[in-house]
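Two complexes, one shared chain (chain A), two partners (chain B, chain C).
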Partner chain A sequence: MKVVCDRSALLDALTLAQGVTAARTPQPALQCVRLSATPGSLAVAATDLEIALRIGLAQVDVKQEGDAVIPADKLLQIVRASEDATLTIETAKTTMHIRGADSHFKVYGPEVKDFPALPGPAEKGPTCEIPAGSLRRLITRTIFATAVENSRFAINGVLFDRQGRKLRLVATDGRRLALAKGECGSGEGEHRCIVPTKALNVLVRLVDDPEAPIQIAADQGRIRFTVGIGEDAAVLTSVLVEGAFPPFEDVIPKDQDKRLAIDAGELSSAVRRAALLTNEESKGVRFSFADRTLTLSSRAPEMGEAEIHLDLDEYQGESMEIGFNPAFVIDALKHVDGGPVTIELKAPNKPGLIKQGQDFTYVLMPVSLP
Partner chain B sequence: MGVRTCSDCTLASRASAQGAVDGRQMPIRRLPPLLVNQIAAGEVVERPASVVKELVENSLDAGATRVRVEIEQGGRELIRVIDDGAGIDPEDLPLAIAPHATSKIAAAEDLEAVRTLGFRGEALASIASVSRMRIVSRPRGAETAAVIETEGDRVEPVRPAAGPQGTRIEVRSLFFNVPARRKFLRGESTEAGRIADLIAALAMAQPHVGFTLTQDGRAALEVPLGHSARDRVAAILGRDVAPELLEARSGDEGAWVRVWGLVGRPSTARRTGRALRIFVNGRVVADRVVLHAVREAYRGLIDPTRHPTAAVFLEVDPGEVDVNVHPTKAEVRFRNSSAIHQAVHRAVRAALRAADLVPEFDLGRGGSRDAERARGALPSFVTGSEPLSGAGPAGIEEPGSAGGPAAAVGSGSGSGGSAAAPYGESDDLLRRAAAALRSGSGGFSTPAAFAPGASAPPSTHPGSPGAAARSAVARGVRPPIEQLPIPVAAVRVLQVHDAYLVLEDAEGLRIIDQHALHERAMFERIRTRLAAGALERQRLLLPQSIEADPGRMESLARVGPLLERLGIDAEPSGPRTIAIHALPTLLFERGVDPVRFVEALLDRATDSEESPSEEGALGDVIAMMACKAAIKAGDRLRAAEIDELLRRADELERSSACPHGRPTTLRISLRQLDRQFGR
Partner chain C sequence: MSEARTILHVDMDAFFASVEQRDRPELRGKPVLVGGAGRRGVVAAASYEARVFGCRSAMPTGRALRLCPTAIVVRPRFDRYRTLSEQVFAILGRFTDLLEPLSIDEAFLDVTGSRRLHGDGAAIAAAIRRSIRDESGLTASVGVAPNKFLAKLASAIRKPDGMTVVDEAFLRDALPTLPVRRMWGVGPALEARLVAEGVRTFGDLASAAPERLAMIVGGDPAQSLRLARLARGADDRPVEADRTAKSIGHERTFHEDLDDAQAIRAEIVEAIASTARRLRRAELSARCVTIKLRSPDFRTITRSTTLEKPTDRTDLLRAAALSLLERWLEAGPSPLRLVGAALSELVAAPPEPSLFEAEADDRRRAFDAVSDRIATRFGGSGLRPRRST
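Entry: the complex of A and B
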């Protein structure tokens, strides 16, 4: 194999691939990338056996076809540190030569056959197409609510729930739930699956052109995202999370009787300030809603107290007090658009709702107040 | 002092009347006296140690200042108790071995205020009925001694004899005429161990009396007369433990219960409860209330599977305690046991709280764990003050502790003889020895302070320490490390292997187990927080359910109110399901899995069904929470986190041990380092 490639394009591809390689593994090949040169393009691939990524590079000059497997972090460091516009990569058996204007690196890698075959593309299943920017927005508005580590595997991912062209993404960690709605450019049938958080984090970073189409195909066990078209396309394949997603529709309250609108930025700032006087065993910030005022107060034993007043343009319903973990409120406000959000409440021990338009719904469970 | 028939006699007759052999009705008849005594002996005389106990208690009741006990073959062949007490008049000798003959009480009213150790009048007769007994006694002021010999029911007439003042009782061939019982005796070494243990306990109860125990001619224990209580306890527990003892005393002077004791630092905790001794009015008792109070005081300071080293003496108004609840008087009954519990708990806890409990790392012995193990070994009972001529030591040592000071006390040859054997065998033996101690032990005279009509101050109690003893306590105490806070910011801290923190302090350096310390900090915070109200709870979107067997269901019902306070909202949601609706915010913040936590909690509750008190159960749960929520070994800490941890540790009252009782901090003094480097 011998290719001359554009350094910055290679750097981008390697950076993404590095994000897929397994962090700790007894299989050295899983910490490698595979380079495959075919006429007119070079593919960079990496896998941790659950996720597989293959990025096509068109800005290459393939002198000789072939494959090579090389430790991802070392190749990435070399390419990143280089100042050349192009690099020449040539392999002989398991040795890779990387040449720049004034440099020559020799790096040894495992046998090509040691690199695991990438999980094949999903079998023929329901497919849809959605603009990359739209999907990215849906993902960022939900993925923050997933559980970091949880024995209930079903919520270590984001639910994709598609009915025809309507796509809903839902994520929860058991204490709050985020739901975002979007529209596909095309879509047939219905499909529901849970996509692991790691795959979606990679997917979000693959998007550089929001107008580029993403093709989604899925079967029972896998999902495949194809970002872009042609030789530059990137293909991300992931296993799906098994198990049942919690019945999220039951969790979204329908009978909230207190309603108010408030500027997201203003509320976010107030909550951040109130959170300064909380500690890990007394997290809660008290939200006191009354006619045209919202008072946020917090208290950390042996530390101190905080109180912040906000004017409300409108508040419908009786006065009430409810406690929320401020981090949960801030998380949601961080991912909505600027401008007003709607807050809907019922009772101090019932879930609260933060909404923006018809597309974003966030349910959060209260904490007890002293 | 008359001889009465035993009521057991008629009971026994009735019992045998109901049993028909070969279809023939057996005639009711009065049992011969020997049989009556043998039946009574079953209750009082269980094994050689119980004989020793009865005889030594008699000696003590007779005002002996020196008691010498000699046994052969674990007491099966010979038990000889020699005292310098009041002695028995020749004409009283036949009565001494008659049942229910005693000089200690005369009327039922006397039972109300028993001041002697024995009083039931069954001991000598019972022992005589199952052995070959010989009593030589010379009363105070008498010219000569007299002797009486018995063998089963055969009693020889009293003859004059030669002998020093006091009484010398020999019991040979115990149970020679009760083969069934003889068969049930444990091995020689086990019985010998029980006797050694018993004498140790009696010696602690009577510090002013000199005790000698020889086993097959070898000295197993020797303590001089005239000891202070502290010196005696130290002599029995061993010299290396002595500096580790803290003085505990109850504050309320003039109260009807007074507590004084020497309690070991947590590092002296042992695998068996043999070093935890309770004395009530000079009696050796195994009272559950008091034992529990002592253990509770150590809660969180020692591993719950270990036992504190402590000798706790209670002086209780005789009207407030009933000692007549058990034939061997190992158990007592308090009129107000919760007040007793409180007094003991408070005194022991205060002593522990006042002390610096950070163990010093022992470089010389290869680490404090080894040192602790060495201390955990049984100490030699032979004190250095009165070396025994020629006799081998009864240095009862665990193998491997030979480097410890305890071993140095023994005087040489013969170590590992029958005296040492019982402790070498197994924990099981130790447990049995402890059980024997519970079932057969005694103390003796009530302090003068509580004798009706007496006006002597309580300090005349032999168990009360003199001023000298108090200053000895003072000498044994290191300056409390908690009083030397480290200015955290100014200290260089090294995190090693993501598990330990090493830092400098005024005296040298400290090594901190980050998990243990954080766990302790969390424990205290949760406890403090709980005192102000229930923990903050986070509700769940959907209840998380856990599968529950009947055990878990039952635990839930039992610990429900506790969980409520802790911020855990869980309830049955089906016959075999428990739904969790809310959990403490804290657990989420620390990344604890709620389902596993509640499961573990319920299972723990199931295991410890006999959880003594709600307070205790709460402590368990908080400890569990603290453990799960704490930093783990392997977590790399940022500088700010280390600062925060150390800052909190300084505020903690007992940061020297994690809630499970493992130490959080070890220290190495500059002096130790200098020594190690030969400076």
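Entry: the complex of A and C
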């Protein structure tokens, strides 16, 4: 194999591929990338056996076809540190030569056959197409609500629920739940699956052109995202999370009787400030809703107290006090658009709702206040 | 211990009843029973006026009323007792950081390091009793001694509203004459065995030959050695300041061995109901559930399980305990003389339920709350699930 490639395009591809390689594994090949040169293009591939990524590079001049497998982090370091516009990569058996204007690196890799075969195209299953920017927006508006630690609802994935062209993404850690709705450009049938968080984090970073289409195809065990078209396309394949998603529709409150609208940025700033006087033991912020005012208060034992007042344009319903984990409120406000959000409440011990338009719904459990 | 310690045991006098008399002047000087009024109610505390008639805590209210028909029965107000308890503990905390609460109304204090500031043990005890009386309107009895065992023994000697200092003379003259039933760990059964063998006093315990004592006491030989040591007034257990309750347990020994699986299950259900209620009363949640089973030949089996997260819900604790029991039963049930359950890994306050559990959680909590109220009001164990088999 011998190719001359554009360094910055290679750097981007390797950075993404590095995010897929296995962190700790007894199989050295899983910490490698595979380079495959075919006439007119170079593909960079990486896998941890659950997720597989293949990125096509068109900014290459393929002198000789072939394949090579090389430790991802070392190749990435070399390409990142280099200052050349192009690099020449040539392999002889398991040794890779990377040449720049004034440099020559020799790096040893495993045999090409040690690199696992990437999953082929998904079996014929339901497919849809959605603009990359739209999908990215749906993902970023939900993925933050997935569980970080191991808990009962740490499903480590986001639910994709598609009916025809309507696509909903839902994520929850058991304490809060984020639901984002969007529209596909085309879509047939219906499909429901849970996509691992790691795969979606990679997918979000694959999007550079929001207008580019993403094809989604899924079968029983896998989902495949094809970002872009032609030789530049990137293909991300992931196993699906097994098991049932918790019955999320049941926990979205439908009979909230207190309602208000407030500017997302203003509320976010207030919650951030109130959160300054919370600590591990008392991490709740008290939200006191009354006619035309919202008072946020917090108290950290032996440290101090905070109180922040906000004017409300409108508040429908009786006065009420409820405690929320400020981090959970800030998380949601970080991912909505600027402008107003609607808050809907029922009772201090019932979940609260933060909504923006019809497309974003966020449910969060209250916390008990001392 | 190289240096002589000064340990105080502070015990509030008839705490619940005294709080009622404090808050309601019309009850002062009258026999008061705090507890369930119903047919199956139990006395939680009896005022000293009622104790004269023989009324005691843990006695069925009906019996207490037969002993003292003029007694006034008052429903317990645990929140109120907790508030006053906190006030009293705050007072104790002024004298030392080495404060080990034993329950809502008693505590050990190690004031060894406070003597330079506050005077000797007797002076500190007097100051504590004065502060409690002036600030809370309640009275406490205090024992002052070189260790916890003697301090606790001493606080009971002049009750109510008294103080006893354990000195050389006490150790020499009074301690050996105390009856064995005053010994910590000696219940009616062991007392009867000891007395039958002529071991009637602390002095007898201290001087009994170790082998002979071990024979009488039975079980672990370390147990009889400990009794003899305590009987001589020796106890080097430290006052554990950060000790909060480490576990809450309930167990029952049967007159006749229990060998029916269904009856054993019922005992576990009962034990969990009781411990879970105490857990909630203390506003705690538990993560670890243990069952304890003892065979007629005194072999004790314990089985524990750790829950995914702490809870104070009876149903979850019961399910955990029963699944431990089922695993033991699978090996074929054998007769038991004791069945018990304990909750440990205690943490403050129940965790917030998840979104998906919130509704079921609300329902179970409402059920537990009703059950607790019923148990408080009528005694007994509150509501139980209907037997399914």
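The rule is short, and it goes like this: the second predicted complex is superposed on the first by the 366 of 370 C-alpha atoms of A that agree within 3 Å, B and C clash if a C-alpha of one lies under 4 Å from a C-alpha of the other, contacts with A are read in each partner's own complex, and residues count from 1 in each chain.
Going forward, contacts are C-beta pairs under 8 Å (C-beta built on N, C-alpha and C of every residue); 3 or more make two chains touch, one makes a residue touch a chain.
In this text the structure is predicted, and so the values were computed from the model without any measurement.
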| item | value |
| --- | --- |
| Superposed partners chain B and chain C on chain A - clash or fit | clash |
| Touching partner for A:Val148 - first (chain B), second (chain C), both, neither | first |
| Partner chain in contact with A:Lys198 - chain B first, chain C second, else both or neither | neither |
| Contacts of A:Pro246 with chain B and chain C, given as first, second, both or neither | both |
| Touching partner for A:Pro301 - first (chain B), second (chain C), both, neither | first |
| Touching partner for A:Pro351 - first (chain B), second (chain C), both, neither | both |
| Which superposed partner A:Arg165 touches (first chain B, second chain C, both, neither) | neither |
| Touched partner set for A:Met365, first chain B, second chain C, both or neither | both |
| Clash-bearing segment of chain B, relative to chain C, as chosen among 20-28, 380-388, 542-550 or 668-676 | 542-550 |
| Residues of chain A contacting chain B in one complex and chain C in the other | 151-152, 172, 174-177, 246-247, 250-251, 349, 351, 363, 365-368 |
| Complex contact set, residues of chain C against chain A | 308-309, 349, 352-356, 358, 362 |
| Interface residues, chain A side, partner chain C - complex | 151-153, 172, 174-177, 246-247, 250-251, 349-351, 363, 365-368 |
| Touching residues on chain B, where the partner in the complex is chain A | 525-526, 528-529, 532-542, 544, 567, 582, 584-586, 588-591, 593-596 |
| Complex interface listing, chain A residues touching chain B | 148-152, 172, 174-177, 246-247, 250-251, 280-284, 301, 323, 325, 349, 351, 363, 365-370 |
